[in-house]
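Please read the structure below before turning to the comments.
Think of it as A, B, C, D, E and F in the order they're written, each chain with its own count starting at 1.
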Amino acid sequence: MADIKIFAGGSGQAFARGMCSYLGVELRPAETIKFSEGNTYVKIGEHVRGEEVYLVQPIGGGAGAAANDDFVELLFWMDAFKRSGAKYVTAVIPYFSYGKGDKKDEPRVSIRARVVAESIELAGADRIIAMDLHAPQIQGFFKKPLDHLLARPLLARSIEAQCLEDLVIVSPDAGFAKSARKYASRLGLPVAIADKCRSCDDEKAEILDVIGEVRGRNAMIVDDFSISGGTLVALCRQLKARGAKRVYACLTHLPLSEAGIENIEGSDIEYVIATDSVPPRRPLDPGRFKIVSAAPLFAEVVRRMQERQAIGDLMESLPEGMLRDSRT
Amino acid sequence: MADIKIFAGGSGQAFARGMCSYLGVELRPAETIKFSEGNTYVKIGEHVRGEEVYLVQPIGGGAGAAANDDFVELLFWMDAFKRSGAKYVTAVIPYFSYGKGDKKDEPRVSIRARVVAESIELAGADRIIAMDLHAPQIQGFFKKPLDHLLARPLLARSIEAQCLEDLVIVSPDAGFAKSARKYASRLGLPVAIADKCRSCDDEKAEILDVIGEVRGRNAMIVDDFSISGGTLVALCRQLKARGAKRVYACLTHLPLSEAGIENIEGSDIEYVIATDSVPPRRPLDPGRFKIVSAAPLFAEVVRRMQERQAIGDLMESLPEGMLRDSRT
Amino acid sequence: MADIKIFAGGSGQAFARGMCSYLGVELRPAETIKFSEGNTYVKIGEHVRGEEVYLVQPIGGGAGAAANDDFVELLFWMDAFKRSGAKYVTAVIPYFSYGKGDKKDEPRVSIRARVVAESIELAGADRIIAMDLHAPQIQGFFKKPLDHLLARPLLARSIEAQCLEDLVIVSPDAGFAKSARKYASRLGLPVAIADKCRSCDDEKAEILDVIGEVRGRNAMIVDDFSISGGTLVALCRQLKARGAKRVYACLTHLPLSEAGIENIEGSDIEYVIATDSVPPRRPLDPGRFKIVSAAPLFAEVVRRMQERQAIGDLMESLPEGMLRDSRT
Amino acid sequence: MADIKIFAGGSGQAFARGMCSYLGVELRPAETIKFSEGNTYVKIGEHVRGEEVYLVQPIGGGAGAAANDDFVELLFWMDAFKRSGAKYVTAVIPYFSYGKGDKKDEPRVSIRARVVAESIELAGADRIIAMDLHAPQIQGFFKKPLDHLLARPLLARSIEAQCLEDLVIVSPDAGFAKSARKYASRLGLPVAIADKCRSCDDEKAEILDVIGEVRGRNAMIVDDFSISGGTLVALCRQLKARGAKRVYACLTHLPLSEAGIENIEGSDIEYVIATDSVPPRRPLDPGRFKIVSAAPLFAEVVRRMQERQAIGDLMESLPEGMLRDSRT
Amino acid sequence: MADIKIFAGGSGQAFARGMCSYLGVELRPAETIKFSEGNTYVKIGEHVRGEEVYLVQPIGGGAGAAANDDFVELLFWMDAFKRSGAKYVTAVIPYFSYGKGDKKDEPRVSIRARVVAESIELAGADRIIAMDLHAPQIQGFFKKPLDHLLARPLLARSIEAQCLEDLVIVSPDAGFAKSARKYASRLGLPVAIADKCRSCDDEKAEILDVIGEVRGRNAMIVDDFSISGGTLVALCRQLKARGAKRVYACLTHLPLSEAGIENIEGSDIEYVIATDSVPPRRPLDPGRFKIVSAAPLFAEVVRRMQERQAIGDLMESLPEGMLRDSRT
Amino acid sequence: MADIKIFAGGSGQAFARGMCSYLGVELRPAETIKFSEGNTYVKIGEHVRGEEVYLVQPIGGGAGAAANDDFVELLFWMDAFKRSGAKYVTAVIPYFSYGKGDKKDEPRVSIRARVVAESIELAGADRIIAMDLHAPQIQGFFKKPLDHLLARPLLARSIEAQCLEDLVIVSPDAGFAKSARKYASRLGLPVAIADKCRSCDDEKAEILDVIGEVRGRNAMIVDDFSISGGTLVALCRQLKARGAKRVYACLTHLPLSEAGIENIEGSDIEYVIATDSVPPRRPLDPGRFKIVSAAPLFAEVVRRMQERQAIGDLMESLPEGMLRDSRT
């Protein structure tokens, strides 16, 4: 497996290293410079002519909240690999923050996820690997094959590992109800559905109601991501008010703002389980944030791609080794 | 002329307002939001269906040194205007910092100016207006018509207005010699040529030599831009060592880093003349930095485009009114 | 307004005639032939060089259930208009059946809505007008401007006109809850949410639960479309079982199969309100199907496009005249 | 040869099975669903990442005369294969009914063959294999490589196998004269040329004249296809009137309409020889229609592609085994 | 009509001047330079921003037989007009020599007409005007609208004007029979059809036979073009041998090689009628070559385009004035 | 290495043969025909399905000064290889004369190098190999990978091999100073810089000045190419006037016009060293023109590409064998 060539963009260093570790390969050399004027510069550190390469770069949410830097750097990587004669370039994007810009929810705005998707393809990506995109339709914004990984098997196993009793899975809104139900079904647990109305441009949210029984139970809120922690904290309060015992949360992506981190730390949420798809803005309290690495999942997918094997079963259950490797 | 529709991106507010003032029109409403996660969001504030519109957005060098934010925001503007049914969208880019990435000066790097140019076109730009691009070949990275303005007539008139005596125009390297000679010829002054060797990835520079007589003369260094001020300050020292009296500089673009500002302020350079193509990172000492606005020049170009007139003569000499309006 | 040039494809004849009637213009001549071998042939009946034209063609659901014929015919129309030198071609697609193929809900399938969208653009469409697409993200499958009309103002006024008492708005699943709530809010009515699980490839559905009070009330189920009537009929049964008095349904699109028509006619649903976006497969019993025409809405949008006016307010409320004209 | 992966679209089942039988491989699993609303849905039944695949789908002429269904299904297959990561996708199109739409024979019509070709390529085809396209220029409507097979060697051998005496090859019009002459030359037979004037939009035809001697001879009419049988039957009558003894026909494609089948069955044509490129609308009387399979020819071409061998000689003569396998 | 802007490429000077004369406008300034190294350079001589422009450039056959120079120059014109901001650029190509490369008549060759067509579109052409393309399918090699003019009305009137008696129209091969029949029908004359077999790469031809009565008649051979005159001269000999009295020829395009001119001048052909679509290689004997100008036809088409009128009737009959203006 | 498949276009025969000789492979069969009408026709002489191929064709400067013929032929080769199913097609372009058209140095002209680059890519090139392009930015006109070879290591070794004493490297203008300095540094020699002003459209030049000491030294002028020899001859005169002893020149490309050859032969330049990137217009006097072959350099690059090795070190120093093979 020594010939799997994984490179990391500036924001993908840790995640890529996790992938390499699972695969037993070395991270390939690549250099990113940010000049004082603001320009980004990338340089591949070794010969790639005729190679299949993987470039790991989450977009958004990390230190500096630099979604745009991450995205533009990714464009330059794609171009650099193509101009260097790489045969097949896969953009590995564990977190894709512009997925939230997936529609015209107001007149005279851009469909940003399409713009970003198209630019990445124009710059040279032959394939994309992403996880839990904000809407499944975003795959259709890409023309190139996109492997859409699900964090659910990984996170569900992580919930199980907590050995919590009397648990009820809670969806924070009707839109996520279908996913919450899949979590519940996999774990053999009941489900409750809250419903909020979030206006898209100010990130505020208002809880309306909770459907399903939570009284006397421990609640595990599941969602795809949180920035300000607002929804989680308000829902936690609501659940407590309705008699829930302890409240936990389980998210795929954790692009928390500084205020978001404080918001959660100051709340009654026991802890948050999440993957490491977003490089953390600063070290997080491991008592409050239990991070499970998705790098082995991505690495296993890459391994199978390289060996022309199917990956569909990984959406259902994961090999034991992967779960062991996912502890961070 | 009330129907010229000028909009401003987040970094183009001041420049666009200068253009509107010259044209006697109001800046059209447009909103840019930068979310806490790092995502940029744009919204056009009025109906544009079937209209010809101008969106003003310099890329790079301003507060935050956010070239990538500027660029990505521009992509979203282009998409938003196109999806809103605008008939013809012109991207007005007074400063294009990625012009410096115009070639593969090392193996396995990206030609970043081409990536940026292509993405802007893909997102929807029908035409581009830019000024003093780092290399004239950059026009060829664009497929759409690009109007390439020259700051020279504006800056030469500004030099004249300083009424300096015994002036010699100094080019900081052989590559800029041709331009320096055009300045000198327009102003009826002698020229001297320094020659440096700049390595492209660390922004350091080393002065080698100065050709032409500077002893006993006042020296006006001309160049297209400066970030760190390094070349200017070193050349100033060199010129003084060779007997130059006072040393000035005249640049098209001023994307100075904080260190660059301090570097120049701490040097023997009397003052720097430059256009306002780059929004300043912080208020500059008007005694050390004499800013002449290029907004009237861009505005006049837009006016002529709208009226289907030629603009070629503006590369040679400027109407009186424009110069009056260019004082900032 | 005599210069608005509206043409109709084979499946858009009635709808286009409705639009022309609202606008007071004549439908332009255009001929569709279906050869015995299965090939479709189109011919524009008059000179269109340099003109802005509108071609009306719903895709899917009509007589013969010929979504593919409708789509391919649309491709040929786009090509014919472009090759004839039309300046700007708008595809008016009241119903877009392939909107349901908006994601990869299984491995190794096509994202059919993207394929259809891209082909339409490749064939020459400069703009698209559609209504209540299955997911708002579908706009992002198009690169060209797409005006996305909402049937809600029209249908809500139609519900009001029925003067039903004790009404509760019922969403057939969590995914439509947000829309149902908007109906309820506009009409000042309570809302209830059912939740079903539909597997995407066999059109079967299973009702799980109803949240919100329906006992003793008349229920108005709202949804975007129905083919087999299965969801509606099952939900109607469920609502009755829970004590609802009379049950009605209100849908944007009505691409009912023959079995679907019979299914509804044999059910306890009093009647179904819907627009005429889908040409009916056969004459429907006006007692059971109350059709309100969306042609005036589309026509008004076209009128404003032609006059470069905004259309956003039509998403909120409609001019009186339009409602009068919408009765079929 | 077990690694040649052949899949069949809904209309290509029989043909693909014939290819697999020649190659000794199994047809790969693939599922086509036509929903009651008219939408087509496709699903590949196995892993194809990194594979070279062949998808067999004739367009037009079969049961239901569903050229548009065949074409749209093909688009979805191409997209499904590409999105599933197939490395190289070849569309095998034994019959391409839209080849007849190869020019603007009237003003304001579409060049349908170009529209269809472009859409197939956009959807993802990397290569196309077709046979006896209506005009050789249609290859130029495709940008991707198209292997254009000729049925002539196959059909000529089939004519020989009939052991008919005193045969004259008859071209039904001047346009096919060149091909007819090649048949005659290969078989060492004389040629006669009829000339008709067919108006392109109503499929009617009128015989003008027959050049060359047919009196006392058996006539073998050769042509590329027939839908209504009109030309064949009228020409048969004409040939009889001029003293021909028995009349036969030999066509590449047989997209006969129901009326066409009856037309021929009711005529004096002894029998028609043709390939199986078009799936028959209903079982044909083997006494009147002698079908020779082109599947071995296509299969042999695929085999050679897979082994990077030339195929040009197959346009001249065929291996013995292939002819034996072509009997259906 | 002063605002019709016609420019001429290096090979289109005379033809463009003819168009301008018909329209009563002046030819716009444009400069072509051929450098000693072989590079071509073009420069538009006036402001074209926002204008609709027409660039006249036949490809091939003129002095120097410089099809490639003509074509490459055309590419540069398209690019120059687009980069100068012209709104709509029409390439007027009276003769398109690469039309002969319209198919793969051998393995492993290029479809040159498609390559040339695509490049012209990529370079910027918005529309093309051409005449009597070698095959009507060539329109389908272009994606942009192509107005395909027919020389037949012009040439038929020219034949009439010769007042020849006992005339029979002769097609030189079966492929041109359909066109010949249209000439005959328009002129009320009988038709005869020769048939030759031309191998595509060596321009040799061999006459096989003549069908139809020519004995005692004057023969007018009609064809689309001649390079070597070979077919014409051989057919003339054949016709004489079969008892024809005088033999004439009437061709759309006259890209005669030097040998071709001599060939015809040394033959029994009384004279050749042709349009001026190809600039003559050298002055031709007006007794042997009667040139009728197609410039008025092209000019009339341009006039109607500019005024958004239909042009279809010009394919049938021509205004009197145009015929008067077509005498050269 | 027998599987490296090198083909030659009409102008690349000698160069390609040199490459094959270095590699020990045979030149593959390929045929170019130029018809009397001016059309070019190309035909690949053997099966290339699934192969990586190299097509060698310098553009411009050779016999006939037929840059446009060379370029158009290259387009047809690309199309022919792609349509024949070649897997990866590399255009080997030792000399690219349109590199000089790399910017809009005047209003309303074309950026010809971009037009040519884009057309080559559209026609099918997957990769390009070129040498000493007129400006490094030209790489950015290509989207596909372009390997940009430098002649400097080869030419510097050739200068060394002349064993000239007291040598000074002379740059003919400021723009080439950087390159001249690299020559000097590699050879351990001093450098002098002349400066001229060349107007881009008439190829005339005027020498202004020489900086650096040349008196009493032998001067080696270095430049990238010469057409008329004008700059070289004038600079030679200037250097002699300033006391230089003997004057030599060393150029990458030698697209000399007939006048250029005579100009140099009649001058005081001892001899010119150059590569064979341009096929000579006629045999050159080997005493005045010392040609060193770049074919081994190109061949070595191809060899490494085929073996997926890096080529960067070849920009610095060359293997011994290559230099031996470069003697012509």
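Basically, contacts are C-beta pairs under 8 Å (C-beta built on N, C-alpha and C of every residue); 3 or more make two chains touch, one makes a residue touch a chain.
All values derive from a computational prediction rather than experimental measurement.
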Problem set entry | Those chains which touch chain F and also touch chain E | B, D
Exercise. By mean C-alpha coordinates, which chain is most distant from chain E?
Worked result: A
Exercise. If contact pairs are compared by residue number, which of D-E, B-C or C-D agrees with E-F in over half of them?
Worked result: C-D
For this session: Provide the C-alpha centroid distance between chain C and chain F, rounded to the nearest whole angstrom.
Result: 63
Exercise. Distance-wise, how many Å sit between the C-alpha centres of chain A and chain D, to the nearest whole number?
Worked result: 50
Seminar exercise, completed: Chain-centre distance (mean CA atoms) for chain A and chain C, in whole Å, is 35
Exercise. In chain E, which residues are in touch with two or more of the other chains?
Worked result: 47, 83-84, 104, 107, 111, 114, 118, 139, 310
Problem set entry | Pairwise touch network: line, ring, star, complete, or other | other
Problem set entry | Set of all touching chain pairs, with the criterion as stated earlier | A-B, A-C, A-D, A-F, B-C, B-E, B-F, C-D, C-E, D-E, D-F, E-F
Problem set entry | List of chain D residues in touch with chain A within their complex | 47, 49-51, 82-85
Problem set entry | Contact footprint of chain C on chain E as seen in their complex | 127, 139, 145-147, 305, 308-310
Problem set entry | Residue ranges of chain A in contact with chain C within the complex | 102-105, 107, 111, 113-114, 118, 135-141, 143, 148, 174-175, 177-178, 181, 193, 195, 197, 211, 310, 312
For this session: Could you please specify the touching residues of chain F with respect to chain E in the complex?
Result: 33, 35-48, 60-61, 64-73, 75-77, 79-80, 83-84, 97-98, 100-101, 104, 106-112, 114-115, 118-119, 122-123, 201, 203, 227-228, 255, 257, 259-260
